[in-house]
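Two complexes, one shared chain (chain A), two partners (chain B, chain C).
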Partner chain A sequence: MSKIIGAVEIGTSKAKALVGEVTAEGGLSIVGMASRPNEGVRKGEIVDYRKAATAVHAALEEAEKMSGTTVDSVYLAQTGAHLRGQMLRGSASVSSSDNRVSVSDLERASKEAKRRQPETGRSYVHHIRTPIILDEKVVEDPVGMLGDKIDLGYWSIDGDDQAIRLALHVISNYSLEVADLILSSIASSTMMAGPDLRRAGTLVIDMGAGVTDLALYRQGYVAFTGVVPVGGDHVTGDLSMGLRILEPYAEKLKIEHGTASSRSSDDKEEVWIIGNKTIGDRSVPRKAISDVIHVRVVELFEIISKELGGLLDPDELKGGVLLTGGGSLLPGIEEIAGKVLGLPVRRASFPPGIAPELAQPENATVLGLLHYGLQDHGLPGRKAGESQTIMSKIAGLVGIGMN
Partner chain B sequence: MSQENFLDQDTSFSPANENTGIRAKIIGIGGAGMSLVDGLRFDDFQGVDHLVMDVDGRALSDSIASEKLAFGRRHTRGMGTGGEFVLARKAIEEEKDLVRQKLEGIDVVFLLAGLGGGTGGGAVPVVARLARDAGALVFAFTPLPFSWEKGRHAQAEECLAELRKHANAVVPLPNDSLIQMGGPDATALECFAEAGRNVGKGISAICSLIFRRGMIDVDFAHLKKAFNRRAGRTLFGYGEGEGPDAIRHALRELMVCPMLHLPDVSKAADALLILITGGTGMSMKALQQASTEIRAEFKAGQHVVFGAHVDENMGDCVQITVLGATDIGAGSAKADVTPASEHVMAASPKARKAHESKLASTKPVARSSSSRKRSKAKDSIDQNTFDFMEDGNQRGIFDDLPSRNLYEGEDLDVPAYLRRGVKIAV
Partner chain C sequence: MKKKAKNKSSASAGWKKLAPKSSRRPVTSAALRKRLSSSGKFFLLIIALGALGYGGWWLEKSTRSGSGTLDLTGPGVPISEVSFQTDGVLSEKWFHNWFGPLRGRSLMDLDIARLHRELLKEDQVASATISREFPETLSIEIRERQPILVLHLISDNEGMRKWLVSSDGTLYLGTGYPAKTVSLLPWLDVDRTLIKGREDGSGFERLEGVSSVAPLLDLVRREYPGIYRDWKVVSYERPDEDDPGAHVRVRSGKVRNLRFSPGNYAAQLKRLNYLLLEPDIRRRPSIHSIDLSHGRSVFAKL
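For the complex of A and B:
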């Protein structure tokens, strides 16, 4: 029997909904997808609940219609500057007399790592497990192995209750359950960077309209995630101010004529703002457009570089830097990123098997939600589904009891 | 048009044309203010005096202004404040009486002071308050430091918030924006000089509005009525054009004026002063069209002061000056904000009382409901001291968000090119 599962990204420029069908063999096919312009979100956070909800519900409705089925639960992407990541570590000594690691040892270590509670008013959004270390050696699955001590860690992201609650309510008002909250950067990076790249070490930069999401992998595991509250909207805003034009025209100029740095060849060339040369239309030099964008983009990568600091080690990031998200479509952006970050940078491409109309960089997160959500991220030795459920994460937030 | 031309134009007016009943004073405070005042020459306006004030005696003696006032001798022994604006504030408070004397009988005060420095930042809010107490209409033009001058910038914002409480209109001139003035190859100094000239033209426009007769005339009472409220956001822009399509060119230049570097939402002005000066050939039809366009661009409310002056020396040249003041909270959020704030008012009778008393003191005549609504909205926001956070109007499309996007002391929502001082040639 197949299972229907949904994914929702309440993005800054668009709300996106995806319906996937998981076959009995575990294969995933996308059967419905829709996106709606969203004016209720700024910089990744909901500022106008009604508008955001309307956009999400319309997208969900269309995606369900397209798929011809209904969805019971969805994976929900989380981003925004309110999110903070930290590494939580726990350890446990192997309890059995024959020194064989058992599942309960892992659970104790895990419990110890997650013991630390976030500050009041904040909740955990996502715990991402980092390698299990058995007596200072990294092991995939230690259950049954011989050893004394188990160490494990979680890269844990906590966020502001208010912001998370708003997003959850958008989904619950459509009478859907949230299967899990997934960090946007984790979703898009699992989609765009395959296991080989993650093992080699890679940084995935997802350049959205409101925020830029970062996920850095080292030796196959997440070492850092971050959200820089600067996105494509900032480029639009800069253009609107710098060229003194209305926002919609700035957006149009950015998409049609924007480049990350000016080429000397088009120094003098002018482009029309509205394009129909009516009254009120005027032309601006291409150089002005690219100059405005250049400063912003350079600054964004400088901030990323500062945020990552020593983690930007070329020896540990053999997979280089991948750019995705709508912002990665800006011509010339890889060169600028490469120059600032000092690493090879390229645009990420989707793995084969994704329909070409879906394989757009702006869809990386919503597609990644399903891919990530369907994988098992629990502790080894336990069946999928037994691991921490959404309920324990958000029970306090939505005010429902749990067993 | 060059500076010389501009001066020629002014000298052509005979004193007989001028309304001598009103007195205006241009006051420069601190280093930046003094050099701005020295850059302006308005000798041809009778009734406009220049006063410069500083704690630095030596700098004061270099100024060419007609009146000078040294203060704070006791605190600084005639030297500068070294950026300590608290010191300057204390010093000026001690010489209140002297300042009051200088302000006696003045109807309009133009304050020019850099807010990043100690003297300007500390003294200007006090002088504004004293001038306002003396019954004058106070317009302040205040250069703000670059946003990369972090410490000074924070101080400037504090001073600006203070100044806004007292002046009728405050035009912040962020250095970040001023660097965008002039042609593509202009140096920083040329940009500042250009900005200074534009400020001069703005002041001159207001002065000629008050002191001279024009084609479409505005009297002082009009001006006073339009700006008789505390300053919220203020916008100031200048444009000029030449040739057969002069008004159109001037409008275009006005729209790209870096000092009007504003997001759409904050371009809405409740009180708007438009002054168009042109040659004899200026047609009534073109004027009307320009006025309509400017009103539309700034979504002007009911207080529009429109003046048009003809000057035969201008030839086919046209200058447009726009000065607007907006209550904070107006603009796009107007409709949404008002009922909520009314609700708040009603819920807290005490606040209402305090509010009404304020209304009575600043607005002797009961106005239409909409202007009352606006000031209500503003008052409730004032209480949250949101004002200074939105100052400078540099946050562009993010201006409507309540909190700033700070990263290492810089607001990332402010365009990067402004913060990095990169000149964009449009």
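For the complex of A and C:
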């Protein structure tokens, strides 16, 4: 028996909804998808509840209509500058007399790690488990192994209650439950960086309209996530101000003629702003467009570089840097990123099996929501059905793991 | 300085506590359509379930028609309680002795109409109401005849037996009465020919004349208990009110022979009481006779 599950991304420029059908064997097929322009969000956070709800509800309705079914619960992406990550660590002594590690030892260490509370007015959005260490050795599944001490950690992201509550209200107002909140950067990086890349060490940069999400993997586990409140809209804003044109024209110029760095041929080339050469239309040098974009893009990667600091170690990031999101479509952006970050950079590509019309960089997050939600993120040795909530139990029936 | 919450559980720090408990009014037309659709589906489900239930009931009803007595208790629900109520002296124990063991019978095993008929055959029982209180209680409510006289009858087989006489003339042996109650009742003395046995040998036919005497006994017991206690034997002859020769005779301790005419007993008793209070009569230990059956004229023989 199959189960219908949805995914929603309340993005700065667009609200996206996806409807997936999970088969009893755990297979997923996308049966509905829709997006709507969203004017209720700035820099990843809802600033106009009604406008955001209108966009999200319209996208959900169309996705449901396309799928010919209805959704009861959704995975919801979370992003925004209000999110903060921190590493929480916990440890536990192996309790059995024969020093064999049991699930309860892991659970005690997990509980110890999650004991630290966020500040007042903030709540945890996501706990992402880091490697389990048994007597200073990294192990995948220590249950049944011999040892004295278990250490494990969580990269835990907490967010502002008000921002989270607004997003939850948008969904509940459409009579849906939120099955889980998933960090946007985790969703998109899970989709675009396969297990091999994550093991090799990879930085995934999801360049959205309002914010840029970062997820850095080391040895297969998340070592850092972050949100830089700079995105494609800032580039558009810069063009609008720099060239003294309206934002819609600036957006058009960015998409049709924008590059991250100017070329020598750009010096003489003129680009018409409206494009129809009618009264009011005028031309601007192509180099001017590239220069404005270049400054902002360099600044963005410098911020990222500063944010990551010592984590940008080429020895630890053998998988390099993957760019995704709508902003990654900007020509020449890989070179700029490579120069600033000092790492090999390339555009991420979707794994095989995804329909070409869906496999667009701007869909990385919403597709990744389902991809991540369907995986088991519980502690080793614990069955998916042992989770606490009804949603988790239902999810367990179809192989969806939650933590 | 930002405060840190220290004592909250790990679960309480998660985003799930922020999830709205109840969804607010839909803010968009899409949300409204979704909610209406969900509500519509819910109501359709309720209607479908209702229709299914009604269909099942209708089918069961239509296939059951003419199949006999409706057994609402279902099979094998034995009677566990008998609710017995009476205005007289009979008890639940009497009922159980009379009815015999229930032997695990269910309410629907019992033939209520037959049980009612059998109960009314008991002369002490004036009327009875029997009902089933599902799932397992049999309810019996009876009204008993009240004895006003005692009739001593001697038969060849059973010797002398005391029969109680109720106000409607029914003769019955009486069960459960305290001996003192019976001993205080006046005896009835009637011509033996008036007492006719039933054809089935289960007792005697009703004594018709008693109904004419009953108002006298009822009145004297209620209004003049001192006089009543002294009455020993009551007898009557042709106690028809229209019969000029009809009369009721009472033998008492003080007045050995009292004679009443049937009808207007209140006036006659009033005169009797007046007489008995006369100093001349009070002083005498016994009076031979007082005849009150001649209207306002009272004849006393000292």
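The definition used in the following text is that the second predicted complex is superposed on the first by the 384 of 403 C-alpha atoms of A that agree within 3 Å, B and C clash if a C-alpha of one lies under 4 Å from a C-alpha of the other, contacts with A are read in each partner's own complex, and residues count from 1 in each chain.
Going forward, contacts are C-beta pairs under 8 Å (C-beta built on N, C-alpha and C of every residue); 3 or more make two chains touch, one makes a residue touch a chain.
From a predicted model like this one, the values you see are computed outputs, not experimental measurements.
Superposition model on chain A: chain B and chain C are shown accommodated side by side without a clash. Of the two partner chains, chain C is the only one that A:Ser172 touches; chain B does not reach it. When the two structures are aligned on the shared chain, A:Arg218 is found in touch with neither chain B nor chain C.
The superposed model places chain B and chain C at 110 degrees from each other around the C-alpha centre of chain A, with the value given to the nearest 10. Touch criterion met: A:Thr236 reaches chain B, while chain C stays clear of it. Of the two partner chains placed around the shared chain by superposition, chain B is the only one that A:Arg296 touches, whereas chain C remains out of contact. Of the two partner chains placed by superposition, A:His82 touches none, neither chain B nor chain C. In the superposed pair of complexes, A:Lys252 makes contact with neither chain B nor chain C.
Looking at the shared chain after the overlay, A:Leu60 reaches chain C, while chain B stays out of its contact range.
Once chain A of one complex is fitted onto chain A of the other, the partner contacts of A:Arg198 are absent, as it touches neither chain B nor chain C.
Least inter-chain distance for chain B and chain C in the combined superposition, rounded to the nearest angstrom, is 19, based on C-alpha atoms. Every residue of chain A that touches chain C in the complex is listed here, in rising order: 49-50, 53-54, 57-58, 60-61, 70, 111, 114-115, 117-120, 123-125, 158-159, 161, 164-165, 168-169, 172-175, 177-178, 181, 389. Note for the complex: chain B touches chain A at residues 180, 252, 255-256, 260-264, 394, 396-398, 401, 405, 407, 412-413, 415-418, 420, 422, 424-426. Taken together, the chain A residues at the contact with chain B in this complex read 42-43, 47, 81, 229-230, 233-234, 236-238, 240-244, 246-247, 282, 284-285, 287-288, 291-292, 295-296, 298-299, 303.
Touching chain A in their complex are the following residues of chain C: 2-6, 8, 10, 13-20, 23-24, 26-28, 30-31, 33-35, 37-38.
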